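Note that the chains take the letters A, B, C and D in the order they are written out, and that residue 1 is the start of every chain.
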Amino acid sequence: MPKARLEAFADGIFAIAATLLTLNLAVNEHSPLAGELMRIWPGYAAYAISFTTIGIIWMNHHLLLHQISHTDRFFLLLNVLFLMLIAFIPFPTRLLALYINADGAQAAAFAYGITLTLTAILFNAIWRYAAWGRRLIRQDADARVVSGIGRSYLPGPFIYLAATLVALVSPQVSAGLYAAIAVFYVLESSVFGRE
Amino acid sequence: MPKARLEAFADGIFAIAATLLTLNLAVNEHSPLAGELMRIWPGYAAYAISFTTIGIIWMNHHLLLHQISHTDRFFLLLNVLFLMLIAFIPFPTRLLALYINADGAQAAAFAYGITLTLTAILFNAIWRYAAWGRRLIRQDADARVVSGIGRSYLPGPFIYLAATLVALVSPQVSAGLYAAIAVFYVLESSVFGRE
Amino acid sequence: MPKARLEAFADGIFAIAATLLTLNLAVNEHSPLAGELMRIWPGYAAYAISFTTIGIIWMNHHLLLHQISHTDRFFLLLNVLFLMLIAFIPFPTRLLALYINADGAQAAAFAYGITLTLTAILFNAIWRYAAWGRRLIRQDADARVVSGIGRSYLPGPFIYLAATLVALVSPQVSAGLYAAIAVFYVLESSVFGRE
Amino acid sequence: MPKARLEAFADGIFAIAATLLTLNLAVNEHSPLAGELMRIWPGYAAYAISFTTIGIIWMNHHLLLHQISHTDRFFLLLNVLFLMLIAFIPFPTRLLALYINADGAQAAAFAYGITLTLTAILFNAIWRYAAWGRRLIRQDADARVVSGIGRSYLPGPFIYLAATLVALVSPQVSAGLYAAIAVFYVLESSVFGRE
């Protein structure tokens, strides 16, 4: 079974989920616009964090599929479940933007973190399933690259779970951690990762 | 006529219909958020059922086109009608999420089931048209695979029609059946289907 | 300049415009659902007419690009303007669904017709530009096919303009004509067109 | 790392951002429709300006990637940030459409201009990064084409910044300039640019 249509379906979900984030931005039409555009700054921040996070996951999914020679039905299923979480991201992003400075900040930051934690768990599951006994791995894939990828994906769920639990103490710190994680992955993948 | 653009158009519709399901999720901003996030659990369930269902139909459409060597205009037309139903799914999904615990549960569950029944009928029509006398089937396609696919698609419309009619008695049982059908297809395609 | 990215961009616009039509469907939450689902039947009809129309235009755009060997910047520009009209279709579709049985039916049917008339004009412009002196036509394209395509696209703008003008007398008849045109193109392309 | 998936992701974002512009169009259902359809003309203008602008940027991104032989992670990252701005465009477009004849025109025109200025800056950054020492440029790319592209992209940020600053004096003139810039790029790329 060729992987080209999985790539097309996945690229579609990534692109749409990222672009739908725009619909979360809205101003109150009964207040002066200039003030409104400043008041909704958490909306811009949430947009940037989620778009960047989706972009980084897309890049990593791209790299993961690059090591794969073929797919099977269970691999496709894991990907469908994974993409179900990617497509879900605009919803907790809207919550984070609307509630971070209001009652409900804790629930919003918690919902956001749980979503990304589950996404990271499924991303690992996809890779473990593919790499187990090199089930779906390309013949010519370098063994060190394969084990290196596995190691680099492992901390993701724990990092997001930790930031999620911080939401129970301080939702604002938790939101700052989500931003910091995105910036870290950006630097790690694009600056440190270049050799 | 090459099938690549049909695949691109279809993958686009599948991906967008699945991702638009997110827009169905909304909370009442005048109630405490944590409670709202629990109250709307039918929304999560409907999201998961419809996303999984669309994902499975996408996988099967993928497999179907894999057996096809070329397309003709009537085949394209059947696909357009089929995709019209796929793109419609977010609407009854929203109804199911909003009304399953309210007046209107029956109408919502019925609308959801009718949509999926018609989708299954059109899926069968696409396959019958392509497979009739091996009209559009690849030269090298295995005859047993071709007849096996035809048999495996046949029960779909009847299963969904049965679950739809159950809505007239109990919408909640009907919704449970839609979930069970999705889980069954997931297991059937990914666990039992691997050999 | 390769035509593959134009196809990808166009397939994306077609697929998204068609799928966004779903967002036009909405019920009044303060009325019983079963009655609402019947009251909004113009919404289903408008959805079906517009989805089918977009699907047929997609099929014809597919056939048009199949005769093209390469693109140039003016051809890309015409396509961008054409796709601007395709992406616009969900708006007059929503108007037609909401207003066909209300004050404003005339304006809604007129807006719908003008949009499709302009779309048909731009479709012809794209083809004329490509076919003029076989500017962008494939070397191996059959001259009779090329002139046949040109003739078959010519009536489109006049047919839609006529249906649009009917809206000034009777919007309901005009809407019926839009449906009839879609059915005619479906039959013409898929049943009569098969030989 | 192949550039095909970047193209697929980018084409998806461009197509979705352009098509979501339609959702900005809305009429007040309590006023006569014909009058409403005329009153919202800034909405059509903003739709046309933004769709054309996104279309031109898509064409230029197409040409840019045509000169590239491969990608690296920093290049992908720059593209993700660039696409974050493309996906953002529907939001200031909605503001421009809603506020250009109201209080808030200045803030709306300013927000629109800032978005396009930043987009133009990132477009230049993508090209500079790729072209620096011909880092990612195709072996067979013509040196004059490469330096010509660099020169032609350079004025973009300054042109948009100037139009943005005009918004502080007259938002309406600023909006006219955004339209004029789009028309200029259309003519420049498709009429003058043909030889």
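Just so it is clear, a contact is a pair of C-beta atoms (placed from the backbone, for glycine too) under 8 Å apart; a residue touches a chain by one contact, two chains touch by 3 or more.
Just so it is clear, the model here is predicted, and its values are computed rather than measured.
It takes 90 degrees of rotation, in steps of 5, to superpose the Cα atoms of chain A onto those of chain B. At the chain B-chain C interface, residue numbers used by both copies make up under half of all numbers present, so the two copies contact each other through mostly different positions. Centroid distances from chain C, each centroid being the mean of CA atoms, peak for A.
Chain B and chain C have centres, each the mean of its CA atoms, that are 26 Å apart. Centre-to-centre spacing of chain B and chain D amounts to 36 Å, using the average Cα coordinate of each chain.
Multi-chain contact residues of chain D (touching two or more other chains): 8, 12, 16, 20, 23.
Only residues 7-8, 11-12, 14-16, 18-23, 25, 27, 29, 32-34, 37, 47-48, 51-52, 55-56, 58-59, 62-63, 66, 186, 189-191, 193-194 of chain C touch chain B when the two sit together in their complex.
On the chain A side of its complex with chain B, the touching residues are 1-2, 5, 8-9, 12-13, 16-17, 20, 23, 72-74, 76-77, 80-81, 83-84, 87-88, 90-91, 95, 98-99, 103-104, 106-108, 111.
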